[in-house]
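We call the chains A, B, C, D and E, going by the order they appear; numbering starts again at 1 in every chain.
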Amino acid sequence: MSTPGGTIVQPIIEINKLNLYYGQFQALKDVSIEIPERAITAFIGPSGCGKSTLLRTLNRMNDRIPGTRIEGKVAVGGTDIYSGEVHVETIRKKIGMVFQQPNPFPKSIYENVAFGPKQHGIHSKKKLDEIVEQSLRSAVLWDEVKDNLKRSALSLSGGQQQRLCIARALAVEPDILLMDEATASLDPVSTFKIEELAHELKERYTIVMVTHNMQQAARVSQQTVFFLDGEVVEYSATQDMFAEPVDSRTQDYISGRFG
Amino acid sequence: MSTPGGTIVQPIIEINKLNLYYGQFQALKDVSIEIPERAITAFIGPSGCGKSTLLRTLNRMNDRIPGTRIEGKVAVGGTDIYSGEVHVETIRKKIGMVFQQPNPFPKSIYENVAFGPKQHGIHSKKKLDEIVEQSLRSAVLWDEVKDNLKRSALSLSGGQQQRLCIARALAVEPDILLMDEATASLDPVSTFKIEELAHELKERYTIVMVTHNMQQAARVSQQTVFFLDGEVVEYSATQDMFAEPVDSRTQDYISGRFG
Amino acid sequence: AKSTEKGKIVINGSSALLPLTLQAASEFKKDNPKVKISASAAGSITGPQSVRKGIADIGAVDWDASKDVPGFKKFDGLVANPVAVTVFTAVVNSNVGVSNLTTKQLQDIFSGKVTNWKEVGGSDANIVVVNRKFGSGTRVNFQQKALDGKDFMSKGDNYKEVGSSGDMKTTIETTPNAIGYIDLPYVTSKMKAVSINGVAPTEKNVLNKTYKVWGIGYYMTKGQPTGATKAFIEYIQSSKFQNGSLKKLKFIPLAAVK
Amino acid sequence: MSMKKQANAVPAYSFGKRRGASALMDRIFTGMVWGVGIVVILFIVGLLFLLLEKGLPLLSWDFLYGVPSEIEEGGGIGPALFNSFYVLILSLLISIPIGMAAGIYLAEFAPNNKLMEIVRICVEGLSSVPSIIFGLFGIALFVEFFEIGLTILGAAVSLAFLNLPVLTRVTEESVRAVPVELRSASFALGSTHLQTIRNVLLPVAINGIMTGICLTAGRAFGESAVIILTAGVSTSGEMWDFNLLSPGGTLAVHLWYIQSEAIVPDAEEIAQKTTAVLIFVALLINILFRVPIWLNARKNQA
Amino acid sequence: MGKAPGSGTRFDRKARLRWSNKLFRMVCIGSTLFVCLVLLCILVLMLRTGVLTFADVSLREFFFSTNWDPENEHYGALIFILGTLALTGLTMLFAIPISVIIAVFLAEMTPKWLRHILRPVLDLLVGIPSVVYGFLGLTILIPWLRDISGHDLADGLLAASIVLTIMVLPTISRISDDAIAAVPNKYRDAAYALGTNRFQTITRVVLPAARGGIMYAVILGMTRAIGETMAVVMVIGNTAQLANSLFTPTAVLTSNIVMQISSVEFDSTWNHGLYMMGFILLAISILMIVAVRMLQKKGGRYS
């Protein structure tokens, strides 16, 4: 396993010897990586290799899957998030997440985006309106829905739902944003805009994204982690990995470069 | 609007002046296209332009959305499928569908795949076993799940669920297969295999696929239809469209070629 | 009028006496606005038991619970305050041809020895016996006074028990060939009251002492009644109430049978 | 890209009815469901007609507002009707918060172990305890232990106890049925558990919970055994008596009394009218409870 | 992360949220404990008095004798136990299929407007007092049964189970209805897209997915049937004999308890026996609940 190259800034997330089991099945094996602050880290690897699972351990969403067992340490900003002292809500507020499958609430578009800010104490209508518009604009959805924000989010198309979920996550202004294939069902133009957004956000935020799209990983990320069967095969600065992968399996995977 | 070029074989689906309304909102406007038999047709276009909607009209899944109104004609094999004579179950059995969001039943993997054949009268355990294995192999999922077919389909990863849904649709052996971004959350290798499968299938089946991936459309389809805001902007043989699009909007869309 | 009585009276027990109690209570409260009266009726025997336990002030019961009766031991220390006279009668469905039964015939019918109406002078049809549940005041009185203490049957295809006078009334009205017994006020035109030993169950025959199947309803109290309870009992025993509302409710004033 | 033209190009595309067992079953099934549905609707309509037919035309304000009479015809049901509402509201005020909180605990907080499974089964079992036992419990508690006699308070609390198991389990099941994705979405936004429950789970589960509330409210409204034992058959005889310690005969109890013991000449008519009122009020309660849901559904649909 | 907490007010808010979250949890736990406490009290109430029975009556007699004649010191409760089992079984036999069909009708087949009318009307049936059902049973059902069966009295298990079926119908069908309606539409879409018809979709996908909720509806309906008194007592005949037909007057635990408990002396063996019967009733219903749950578990493993 290689270590990240020189361009990487200070790590904000440190994962140390992480093992995760779903009942009998071990989904993550001895994962140790560091995720740099204010940069984009891409997780790549074949379907079922454990990318979503690792992403979920970073904001403790796995807590809610019964039968899940965790070993090892995940530290965010120096604090072990699985220790007793931390408040899981604070973690999740600071570490936003966009799920692989869009999961809007059965509420209106507006209510979906305003949900998070409301939970965190913002009640001024004007403020909320602003946040909603801003978030929807960032997620490239504003133009399509601005005429009818009261419409049920469930009547949106697949890609629109996905962008709505991005907007919803942005509205909370997290420090770290986890995106699980957030552009999988987006057209090239929207994808491009979301990537631009990510690029912009990384000035202030840390972003971890799962993607199946090698080009996307190459285009937007600063660091890439390649998984296989729950193990980290290789992780390094993106340009290094795509230029000269150390492990032959990485080579094989990214050379099937047609995503 | 251009008409398809010369390589297109006999049309099996003819759509004539199709308008579709969700309540007040018109999602499809005057769509008239023909889909050739034993070939792959790709639907492309930005998110929310009506691709899924059109796909769903082809096997009358839109019947199930309340408030949907349809005008125009959709003929499959010469029969108007919205006429009284046809039986909607027969249509759907002959026209299989893979949805944009994976929707496995809350049953075991085996039960998911065997569901269709069982409902259509196959009860021999041996036969079913065969179909299940064959379908899972075609959908490139067999190796990952063969050890535990009794596991709940809901515990699969996102991409695994998507492949399971493909296998489930294949198990019914439809004549026409509608795939709504069926490879969106698949890694390059699985995507490649599914594309290979599609290529093989088109010897016997007609395939309509929605994709956001221009390369994929270019690689596998024989005909491409480009939608914008519910309208067909251009449709023609794939190689023609990608080589020299007639409409400038098509040009713009496919030249943002980075998916 | 304008009394100074205060307090709360809890009355429990006989359901047959309940209309009387409720009527007396509403009249009494007009004169004694400061007295609260809660009346309930779980069943005769609950009355004296609740009084003994101290959870009720008055236990309404259809027999003198300070003495032993079949099935129930006496309640020591409770005082029986008579309040009204009730008349009981055997009743049959209107399709039954028989209109008079002797004590012996009644005993045989209610013990299950005679099962066909033709054995007692009616047409050829099975007798359906409807009994009140154990513990009913009506049942105790009927058993004592109409059956001379003979036992009831307790099983059979054509035997059922009902919980209340209302159910008895409904059952007799709707069941052909049925026989049961009930308080006189409940008898309706859809059923037939049967003469016993040739004497019709009427108020007149009770007053002239020819009809024997009647009983006195009592209010049991723990020791002699005091305070509001005493005032209430005195009101219900007063000739104003006895000759007024009590008569209207088709009970017979105590004085008439003394 | 060129396509080989196949010789036998056009397969027989006929989308006619499939014959065979499953199509037949579908028709039989559809017929049966509609058949049973219509029979049950007719039955209910018939039942309601039977119960309302005689009573409804006779209803008058005097009857609704009047005080019952034991002797003369024309007595009303005013105090009993008032008590019915009063006891119902009190008992719901007690049982809904406790029942829902317990249901939420079982669905959301409770550890997934044998003990909780046993608790669940016992709570279900408790709903089979006959109401008379709850009545006896009410007596033991209020009449014997607290010595407050037969009161509205005692009836309301005993009724609440009677309804707790159903409310608890209905809430639990409804909350459980909310899809996991929605729960995850809320948690991932950093909502606390309470916020998730209040803003996501309960709004989605509200239909089921409302069913539970309607069912228990109906039961409380129609219950007589518990009230006869704990609140008596009588009323204080006055309208608008809010005193918690007054005797609390309700409409259902009044009906029981009229049917089983009353001697008033117009007992039958009173029973019919009372039944009509009971049904009418029960319907009213049901609709009243639903209005917020309908409004809510409309709001989220637009 | 790693930043100092924001401004003072935000910190306060967080603390408050956390605190209210904790408080809410405590309230929930408290409520659950309270429900358990009520449960316990009821149990103790029945058991404390109930066990006194066995000071005078042998376990064997109580559980295995069919002779219930307390006036003559015979305390065999077997009739009532068997009666309760039979009545519950019969009621469920009628009620479950009808109710589930009605639930399917409501959730899957009726147009929206009809559904909006039918749901409150079904709930309304619960609000009709038991005595009304009993009265209708006594005045309409039983005369009718008498006509078709040829018995002189038609009180008995059949009459009681029909009345109970009507009474539990709304409970089972409405809760099942909700359970069916809560099944996500994507499962239906998946099934229909495979060319299955409505019958197959409902029976193979929707009902299995709603199985947990339906089971629970059945349990609640069953417990309601087991515990119902006032209506049963009016139509079952209340005779302590084993029923040799569905039209023979007989008695079940509840009817016997409600008929006699307020008519016997507080401290008599008879009274103790009735409390014991209440306890047995609870035991029977718990056994039946466990049985239903086991049947349900056997049916499916993936929910």
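Assume a residue touches a chain if its C-beta (ideal position, glycine included) is under 8 Å from a C-beta of that chain, and two chains touch if they have at least 3 such contacts.
Predicted, not measured: the structure shown is a model, and the values here were computed from it.
Using the contact threshold fixed earlier, the set of chains in contact with both chain B and chain D is A, E. Highest inter-chain contact count (C-beta pairs) belongs to D-E. Of all chains, the one whose mean C-alpha position sits at the greatest distance from that of chain A is C.
Once the centre of each chain is set as its mean CA position, chain A and chain D turn out to be 45 Å apart.
Work out the mean CA point of chain A and of chain C, and you get 81 Å between them.
If each chain is reduced to the centroid of its CA atoms, chain C and chain E end up 36 Å from each other. Centroids built from CA atoms put chain E at 48 Å from chain A. In chain A, the residues that touch at least two other chains are 89-90, 94, 101, 120. Within chain E, the positions touching two or more other chains are listed as 17-18, 21, 135, 196-197, 200, 258. Chain contacts: chain D has residues 22-23, 192, 195, 259-260 touching two or more partner chains.
Remark: the chains found to touch one another pair up as A-B, A-D, A-E, B-D, B-E, C-D, C-E, D-E. Those residues of chain A that touch chain B in the shared complex are 22, 44-48, 52-53, 100-102, 144, 155-160, 163, 180-181, 184-192, 212-215, 219, 253, 256-259.
On chain B, the positions that touch chain E within their shared complex are 59, 61, 64, 89-94, 96-97, 99, 101, 103-108, 111, 115-116, 118-120, 150, 152-154, 165, 168-169, 172, 174. Across the interface of their complex, chain E is touched by residues 12, 76-79, 87, 89-90, 94, 120-121, 175-176 of chain A. Per the touch definition, chain B reaches chain D in the complex via residues 7-10, 12, 36-39, 76-79, 81, 85-87, 89-91, 93-94, 119-121, 175, 222, 237-239. Every residue of chain E that touches chain A in the complex is listed here, in rising order: 1-3, 10, 13-14, 17-18, 21.
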